[in-house]
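We just call them A, B, C, D and E in the order they show up, numbering each chain from 1.
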Amino acid sequence: MSQPALLLAFDIVLLTTLLALALAAVLSPEPRRAVMLFIAFGLWLSLVWARLHAPDVALAEAAIGAGLGGALMLAAARRAARAAQRGTARRADDGAR
Amino acid sequence: MYSNLLTDPLVLCITLPLLGAALTTALPRHAVPLGILAALATCSAAVTLGVDVWQHGALRLVLGGWEPELAIGLRADGLAVALALMANLVALGISVYASGYFRDPERMRAFWPLWLLLWAALNGLFLAGDLFNLYVMLELLGITAAALGALTGSREAVSANLRYLLVGLLGSISYLLGVALLYTAHGTLDLGLVARAIAANDRLFAVDAAALVLMVSGLALKAALFPLHFWLPPAHANAPAPVSAALSALVVKASVYLIIRLWLDLFAPITGLAAAMFLALLGAAAVVWGSWRALRAERLKLLAAYSTVAQIGYLFLFLPLLAVTPPGPPRDNLLAALVLMALTHGFAKSGFFLAAGLVQTNAGHDRIDDLGGTAQRLPATTFAIALAGSALIGLPPSGSFIGKWLLMQGAIESGQWWWVIVVTTGSLLASAYVFRVLSRAFGLEPTPLKFVTDARAEVPALLLSLVAVALLGLASGPLWTLLALRAGGGA
Amino acid sequence: MSLDLAPLLPGTIVLSSLLPGVFIFLVREENHLLRTVLNLFGAVLKLVLVGVMIWGVYLGQVFETRVQIAPGLELVLHADALSVLFVTLSTVLWLVTTVYAIGYLEHSPNRSRFFGFFSLCVSATVGVALAGNLLTFVIFYEILTLATYPLVAHRGTPEATRGAKIYLAYTLSGGLLLLVGAVWLRTLTGPVDFVAGGVLRGMPADMHRELVAIFALLLAGLGVKAALVPLHGWLPQSMVAPAPVSSLLHAVAVVKAGAFGILRVVFDVYGVEFSSELGLLAVLAALASFTIIYGSLMALTQDGLKKRLAYSTVSQVSYIALGAALLGPIATVGGMVHLVHQGIMKITLFFCAGNYAETLGVHNVSQMDGVGRRMPLTTLAFSVGALGMIGIPPIAGFVSKWYLGLGGVEAQQYWVLLVLGASTLLNAGYFLPILYRAWFRPLPNEWPHEHHFGTRFETMGALLWPPVITAAFCLVAGLFAAAPFSPLEWAQLIARREYGL
Amino acid sequence: MTAQFLYGGAGLILFVLGLWSFLVHAPLLRKLIALNIMGGGVFHVLIAVAYRGDGVTPDPVPHALVLTGIVVAVSATALALVLGARLQDEQRQG
Amino acid sequence: MTEPADWARSDRARERARDLSLLLAVLLALLGVVLLAVYFLALNGGAAPRLAELALARVPQSGVGNPVTAVLVNYRAYDTLVELAVLLAAVLGIWSQRPAPPGFQRSSAVLAGMVSWVVPLLIVTSGYMLWVGGYAPGGAFQAGALLGAAGVIVRLAGDPTAGLPGEAVQRWLLVLGVLMFALVGLALMLLGAGFLTYPPKLAKWLILLIESAATIAIGTALAAAYVGGRPSAKGQGPSAGEASAAPSSSSLGPRP
């Protein structure tokens, strides 16, 4: 295989993974899982950008977009999970009474 | 290099509120005096800018001393200055009103910096000359507007403004994709240069058209053009009164301004009659539907919010008329009428919301059917609502009367007489909803002893409404002179 | 009066009641004196200014205020003979009505609001009268609607609110039709001022269909305020308003503004001969005649005094339209002069009706037995007004009917005589029984709601003298119809200019 | 050119994917993820346009735009999440 | 446009929502195809080097070596100023909504120990990042992000304030970026150079000044955003700002 073709194949693998991660993040109904996938997507995105010679942006995306944004969403997902848990617990309590 | 004093106000219009926001954030205990100071300073900068442009023609400033395509440009032509002046005067009125509105000190502290940031974003939007800078300004505007709208913290307010925030983000991302396409195709972000490139290169028609669709639909979402208006009524109706006034009168107007700007300046070579007709049909639907819902609204602020949906609709009726009218006095008339209606609505709707806020704080609610006593106890407030209401209907001598006159004239002249039916229907519905409120003010309540009860709240509302009714309706001539100052002409 | 002040005079006349009106809103409710001073100051000042203007117009001076609103859109206030006629009427009657209203509203609530809007209302009427083009006319016509709404709703009772709502629905819709007509006309002609003889004569024939449609729109818009059947529905409903307001609505402002607008459109926009060519006059004549008869018939069946007067207004105002609809200077004179005569007669009647209601609590015709003996001066004034309406010489109404009849003959429209005759019979039919009751039936044992004002007259002075004065006007206008500066003389002046005689 | 088209195309697909998810999914978190993916898509287009082949320095202007965009996006996300949390608190109390 | 398929409860509604979302998918796929075609056209017919050559050519005059930094803080400095305002607005919006929620339970000694050396490392790296941004990948945003990350870790380790100082100081830190940026810009304007037009000799130092301020502001803002609420007077680190922040506590605490 010639070098450009190899590079093209590499590019395609990179992008396919990226799209797959995005699709998975979008389709996941469970909040925590979705956020995890989103963080993975963001990190992968920064990888792709590094490949495109955009190291500044890649750094920022990894730190801010995926990192901090992910952390914020993760906290929210955890809160949502806790609220859901409490909700089911309360419902269970009501049922027991 | 020497200081170019002429363009200084251009910068000050944006930096002064930013500085004000920084200081009110840092010194929350002095938020009110600092905020009022910043408001006065910003407003004077805007007025100075207006005077400069009036005297020397459209201004343009390239920041940083770089080539125009590399740097960000600011520009102030007649259209920008007209809207900026309106926005700053209205904002000053809102500031005075707000200084006495918030009882909770915590909310007062939260209000001022956000409000000044919003103000900066408005001025930035009106004066921007760069596509990406517009995106950042749009985001600043959207975030501050949603944060201010949710300030009361009530369930309805938070949920409505969360929706507003999300919708706004969607709109700006769509806008940004349009910008990305334009940059890909034309290699610059400066409004003037992109406009020139679009005019010069008709092979890229498809790209430009796609960018137009993406940007205008993103902005239409933010401008609440029917049927993308669903987010507006709850968001505007549940915000604190001064914020509602700013949202309805100014924030929505900024998006409309951008649409007009893009439509007439940037994409002029590719916008056809069909596209304009499509937007105008949406506008017509907005006029009828918004007015109808306003008529059915149970709460005063909800009524005002739906009325905004309708009033925004009118502005889009001008597009197909502008499309078929060749340059010359008739087209100038149409453009001026469009701006005049936008300005009048800015003043009138802010006055309306401020007055409605006072009614609400006095009555403890704003259910229209139970307002009678309060409206009668506050003659100045009711008067402000009446003045603003007649401007919303388009009764003389308000600015919107002249606007509607010229709109109908243009419609008949260009053979598109059906818009006349839309305008009359809208006016009838508007009179119905306005007088539905005003008729409550005539009851058997005891006579109020004084005309003005609470000067700090009532005087701004009255003055803003009065500008909409008297000043803009009887002395709108300067607007024509101002709008003739286009980029390229003058300094 | 120096020349450079002349352009300011018409604007000043409008402002002379507008500014006091604005200040009246700010007057504290209990400050009766300041409010009265402001009211009378405005009224007297306006009267003086109008006097100056009449003198100037008589000397051939031109008074015109022009303000450019926007390129091509001008606010024009212009004093020609027709506007002077209407301005004088409304200014004189405003002074009288102000005095009456001050007496009538003694001790009633919301007086600052009332007098504020009252002043705005008269400012708008004067603006309508002085309007020099259709745009200006529309502006003041709409302001008039807005300023009268609070007056109709003033009492605050559910009926008042309802009446005001109906009033508004009619007049605003009418205003919108007028607006559309005006805009449409504007697209055909460009900016044009009112000119005696009209401005449309030269329009090409292929535009005539459009011109007819525009006339229909304008007439519909004006017909609402002028209470042409079937657009009259608001008028009886708005009778809930206080008596001074009813006087204002019927004699000075609203109804008159509509009729005045019809005169303006027929004479100074279309031109009476051109209107006739287009076949518009026949339609207007038919509408007016039908309204005259219909209004009178309806008046016959009313027991409420004010309602009867209201339907009488419907009928009488259409005399003005009828005068405009007959081609020929004599009929024109009849219509124009009735603008004034109907005003002074009807205001007398409404003042008297208000007096009966305030002093005795009498609201219905059936309660009026013997009021003439309890309130002789008021009833005398009422009788003068009523007989004038019927057309008994030498009262003003006779002059109008005489000229209208002659005009019908001149135009060879003999059916006009029939209409006039029928109307006169019907007028007599609904007025004479009132007079009979008032003078010849015995006094009842007790009045419905009697009120003693502690004066030596039958009622409070501020209520008594206005109708007496206006009744005197009715007599003077009839007796000295041929004197210089009489309404009839002015009407003849206008007609001469219109027909270029 | 191929790489530019390929990468930019992926960005456009991300945009559409995010838009679809935004429109059909109601929960706040999913909407935010969708918006961020949309934004990521647009940024991706810009980065791809800036790319000029492996031996050449890329166009720095789109890079700077994207940097700005990232910060803006995270600010908006943070605010939206707090508003959502506030709403959740209200619901729990109400 | 359809409203977001919201809160469909019944099965039928759910089914309809499903159909709708499929329809939407098809439409959006079409949109995607159109966008791809348009993008292809734009790439091929477009003004190929765009701003690249010009931007790179001006780097030597910009006062920094890294072209991206040159764009951010010099050519398009105005955008960056507004962007800092956006960040400030977001934090203010968050503060306006609620007081800071309590942090997580105290962490184990292991984590605490780790924090004690990870955080200083992050801060040092941040400083390095800021400095290196002048000529290599890095700059205020990345540096600020690292500071913010340090805050996140501190909060995760059990300090609910994320290591931020008291409210009064925090407010100053938050606005530092906007303030410095705007003041430098205005000072330049008053001196006659023009708003945000750096004289070439001073450019490097002015940019460093602005970037340092921006780094601190960004770091503070990101950490504050992660805290997710108005800083409360109680439970705060022993910072100088506490005393002056006290009056604000009057209306704190959960709303009824």
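By definition in this document, a contact is a pair of C-beta atoms (placed from the backbone, for glycine too) under 8 Å apart; a residue touches a chain by one contact, two chains touch by 3 or more.
Since this is a predicted model, take the numbers as computed values, not measurements.
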Minimum number of chain-to-chain touching steps separating subunit A from subunit B: 2
Other chains in touch with both subunit C and subunit E: B
For subunit B and subunit D, chains touching each: E
Chain-chain pair with the highest tally of contacting C-beta pairs: B-E
Middle chain, criterion being Cα centroid separation: B
Distance from the mean Cα position of subunit C to that of subunit B, given in whole angstrom: 43
Between subunit C and subunit D, centroid-to-centroid distance (C-alpha), Å: 69
Distance between chain centroids, defined by C-alpha means - subunit A, subunit D (Å): 12
Separation of mean Cα positions, subunit E and subunit D [Å, integer]: 15
Residues of subunit D engaged with two or more neighbouring chains: 8, 13, 15, 19-20, 22, 25, 28, 31-32, 45, 49-50, 57-58, 61, 63, 65, 67-68, 70-72, 74-76, 78-79, 81, 83-86
Per-residue overlap in subunit E, given as positions that touch at least 2 other chains: 35, 39, 43, 49-51, 55, 68, 75-76, 79, 83, 86, 89-90, 93, 97-98, 141, 222, 225-226, 228
For subunit A, residues contacting two or more additional chains: 56-57, 60, 64, 68, 72, 75
Touching chain combinations (by label order): A-D, A-E, B-C, B-D, B-E, D-E
Sites on subunit E touched by subunit B in the complex: 1, 3, 34-35, 37-39, 41-43, 45-51, 54-55, 58, 74-79, 81-83, 85-86, 88-90, 92-93, 95-98, 171-172, 174-175, 178-179, 182-183, 185-186, 189-198, 230, 247-248, 250-252, 255
Interfacial residue positions of subunit C with respect to subunit B in the complex: 25-30, 67-73, 75, 109-113, 135, 138-140, 142-143, 146, 149-150, 153-154, 156-157, 160-161, 164-165, 168, 172-173, 176, 179-180, 183-184, 186-187
Subunit E-touching residues of subunit B, taken from the complex the two chains share: 1-4, 8, 11, 15, 18-19, 21-23, 25-29, 61, 63-67, 69-72, 104-107, 109-111, 113-114, 117, 120-121, 124, 132-133, 136-137, 139-140, 143-144, 146-147, 150-151, 153, 158, 177, 181, 183-188, 197, 201, 203-204, 206-207, 210, 227-228, 230
Interface residues, subunit A side, partner subunit D - complex: 7-8, 11-12, 15, 18-19, 22-23, 25-27, 29, 31, 34-35, 38, 41-42, 45, 48-49, 52-54, 56-57, 60-61, 64-65, 68-69, 72-73, 75-77, 79-80, 83, 86
Subunit E residues touching subunit D - in the complex, by the definition given at the top: 2, 4-7, 17, 20-21, 24-25, 28-29, 31-32, 35-36, 39-40, 43-44, 49-52, 55-56, 67-68, 70-72, 75-76, 79-80, 83, 86-87, 89-91, 93-94, 97-98, 101, 141, 218, 221-222, 225-226, 228-229
